[in-house]
Structures are given as structure tokens and as C-alpha cells.
Amino acid sequence: MKILLFGIAKEIAGKSVLDASEFSEAKNVGELKKVFKERYPEASKLSSLAIAVNEEYAEDDHKISTGDEVAIIPPVSGG
Amino acid sequence: MKILLFGIAKEIAGKSVLDASEFSEAKNVGELKKVFKERYPEASKLSSLAIAVNEEYAEDDHKISTGDEVAIIPPVSGG
Amino acid sequence: MKKKIEIVDSIDISKIYSELSHPASGGICVFIGTVREQTQQQTVNSLFFETYETMAVKEMHKIADEATKRWNLNSIILQHAVGKKNVEEAVVLVGASSPHRDDCFTACRYLIDTLKERVPIWKKEFFENTDEVWVTPHP
Amino acid sequence: MKKKIEIVDSIDISKIYSELSHPASGGICVFIGTVREQTQQQTVNSLFFETYETMAVKEMHKIADEATKRWNLNSIILQHAVGKKNVEEAVVLVGASSPHRDDCFTACRYLIDTLKERVPIWKKEFFENTDEVWVTPHP
């Protein structure tokens, strides 16, 4: 599994890719979000935090598999 | 007085400028419209007919003076 | 406030950005009216536009001033072409810029709707079957 | 149907007419988002945009497809720039063409509103006082 970080989430974690082994206990998107916020408490202050799995927004109950590309999506601000 | 014609009004009258002397009895915009429609009955079939005096739309009770530039404005269709 | 109002022979879209962009604007909205090849099941070959130019320019200025009073705009443009225009050619260009996008969208819609209602411009349609017809929209 | 979706280094407005015009369209509506020098009383020097590009392009395609289903469109464009952008520079361009103007106006507004809601692009503001801040809109 690959975990990518963008925008302010990248700044909070201090890197642009997370070590997937630290998130091995997370079986789905909701659990991954929880672990991320525990590890980086600053992330809880964001107005929203979404997760994309294989380049698509994924709900909390979406299962995560080893080969997935996961992305931490802080509030978007394009345009 | 100068009386200009545009679009389908020009086609109905067969010319782009009317002889003002033929409209000398018209004291205001409403009367001028009436005389125009009497002289060119085809004009009565238009969905609307407006008159501009000195490049501004004018109401029926607007008085017409000798020095005015009057224009017969059939339904506009720009854009 | 940037303002450009004119009757032109042909509309040059490539300048639109420099004409409308403004340091205090976050959004620009533009509408371009083009010649459509089909009207009421008939194939259009071209349109011909004529105008009462001095009055048209006055009315376009009034419309721009009304929009400027109603919305927070930093730039505004109204251009209409005259003469013969073929399918896909631009015949009218309106646009505005504003700090936030609500204003430029609403103003842009107002500009084209009001221009079509009031500005003394007339179009004749030339159809494939060689008919030519002055367009007189029904109420 | 003409469709153009891309993330670019800089937005080229001059091509917009050829990209959106269509023989079956009578109207083209375009929105351009630009860098505004003032945000919440602070003077902005520049913005920096980053994106999750592969996902952004996918989301932009979804938005274009949704618009194409809802409105009668003949062409559609969604472009977003990345990197550093100075005041008055274009950062986003969306547009559509349609037989009648209602559809292209409504679609254009939908395109920009939805892009801002969903497409994974983030901007950082660089202020005159040298602060830099990731923009995280509040709900």
C-alpha cells in the first residue's frame, strides 16, 4: 500500500508519503483516518479530511487492500 | 426632422429614410406610429414597433420637434 | 473600472483576457453568441446583422452602467458584430469581472439578456433554400 | 461533442474560442478564475497550487460527464493551472457551449462550483508580510 499526502496534510506530517507499515492495522478507510489523526493530532483541527483509494473518494466502510494507492485529502481549495 | 428605418421596417417601406413632410401632422410619437402604420399596413403585423427620438426610446406622449432624429424600431434581434 | 463598449466588424476573442482581467477580480465570466447552423428545423447558411449604431452604443453604455450599479464589478465588455456572419462565427461578446464569482455570472447573464431585449440590432437569416428572413422574435 | 480536460502549467485563453465553438451551438459561456490581490484585508502577492494530478483529471472528467448528462452541451472544457501564480494570472478555466444560452450558463456555473468542491487541488497563499498559508475553506 502507498499512502500519499497533499496540501496541509503533507505539512502536518512533514512528508509527502507515509510509511504504510504504520497503518497496517487499518482495515478500512474509517480506521485509516482514525490512525492518521491519532498519529498527527493537528489533522483533527481540519474542517474535513477525505480519503481517496485508487484515485476515487472512498467512504469510511471502504476496505483497503495491500495494492491500493491511498491519498489523504485535506479540504480542497482549487479555483 | 429626419426619420430613419431599420430591419424589416425598412423592407416594408422600401427605403431607409422617410420623407418627413408626409408625417408633419404627427405631433408626438404615438401619432407618428399611427401615421406610419396607416401608410404601411404591413407594419401592423409586427409583434411590436418602437420609436426612438434622438437615439433614445420614446413613449407615445413624447413630443416631436422639427430638429429631431426619429427612428422606426421594429422588434430587435441582436445576439 | 475597465469598460469597453463597441460595434465591430468582427469579434476578436483573443483579447478578452487583457480586456477583462483586473487585480481586484477573482473571477471573469464571458458569454459569446455564435451563429448556429439550425433554427426551427431549417439549415442556416449565414446571418446578416445591421444596427442603428449611435443608438446601439448609447443603449449598451446604459446597460453597462446599470450592471455596474447593481453588482460589484471591476471590468465590463459589450461588443456586437455587424455584417454577414457564417456558422460558428461570433456575433456578440459580453463579459464582466468581479471580486467573487456570483457577481460576474449574474452580471454576464443580465448583459446578454438585456442587450437582446433593447439594443437596436437586427438580424436577417439566410437559409440553405435561399430564403432570407428578418428575425422578429414573437412576444 | 468536444471535450478538453487538463491540468496545465499556465492557462492559454487565446485558444478558448476554437476549443468551444461548435456549429450546433448558439452560445458559449466561459468562467476564468484569477488571482485577486486582496483576501480578508490582507494583500496577496501570489498563490501556489498543487494537485493530485491523476485523481484531479479523473474527477474533472466525472464533472464534465455529469454536466453533459444534465444539459444539452456540444463542447466542454475544464482546465486548472498548477505552480506559482501572480496577481491577475488565470488559475482555472471552465466553459461550455450549447444550442441555447440557458444551458451553457447553468453548466458553466455547475462546472466551477463542483470543481471547487471536489477536485483535489490545494492552494497556498503568499502574503505581502511573508506569511504563507494553506487555504482550508471552512464549512
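A, B, C and D are the chain letters, set down in written order, and residue numbers restart from 1 in every chain.
Rule of thumb we're sticking to: contacts are C-beta pairs under 8 Å (C-beta built on N, C-alpha and C of every residue); 3 or more make two chains touch, one makes a residue touch a chain.
As the structure is a prediction and not an experimental result, all values here were calculated from the model.
Asks: Going by the stated contact rule, which chains contact subunit B and subunit C alike?
Replies: Touching subunit B as well as subunit C, we find no chain at all.
Asks: Which whole number of Å gives the spacing of the CA centres of subunit A and subunit C?
Replies: 48
Asks: Just give me the whole-number Å value for how far the CA centre of subunit C lies from that of subunit D.
Replies: About 23 Å, centre to centre.
Asks: Calculate how many whole Å lie between the centre of subunit A and the centre of subunit B, each centre taken as the average of the chain's C-alpha atoms.
Replies: Here the centre of subunit B sits 71 Å away from the centre of subunit A.
Asks: Show the residues in subunit C shared as contacts by 2 or more other chains, in ascending order.
Replies: 33, 112
Asks: Would you please name all pairs of chains that touch?
Replies: A-D, B-C, C-D
Asks: Along subunit A, where are the residues that touch subunit D in the complex?
Replies: Within the complex, subunit A touches subunit D at residues 4, 6-8, 11, 46-48, 52, 55-57, 71, 73-79.
Asks: Which of the residues in subunit C end up touching subunit B in this complex?
Replies: Those in contact with subunit B are residues 33, 49-52, 54-56, 58, 80, 91-92, 112, 115-124, 134-139.
Asks: Using the touch definition from the top, list the residues of subunit C that touch subunit D in their complex.
Replies: Per the stated touch rule, the residues are 13-14, 16-17, 20-38, 87-88, 90, 97, 99, 101, 104-105, 108-109, 112.
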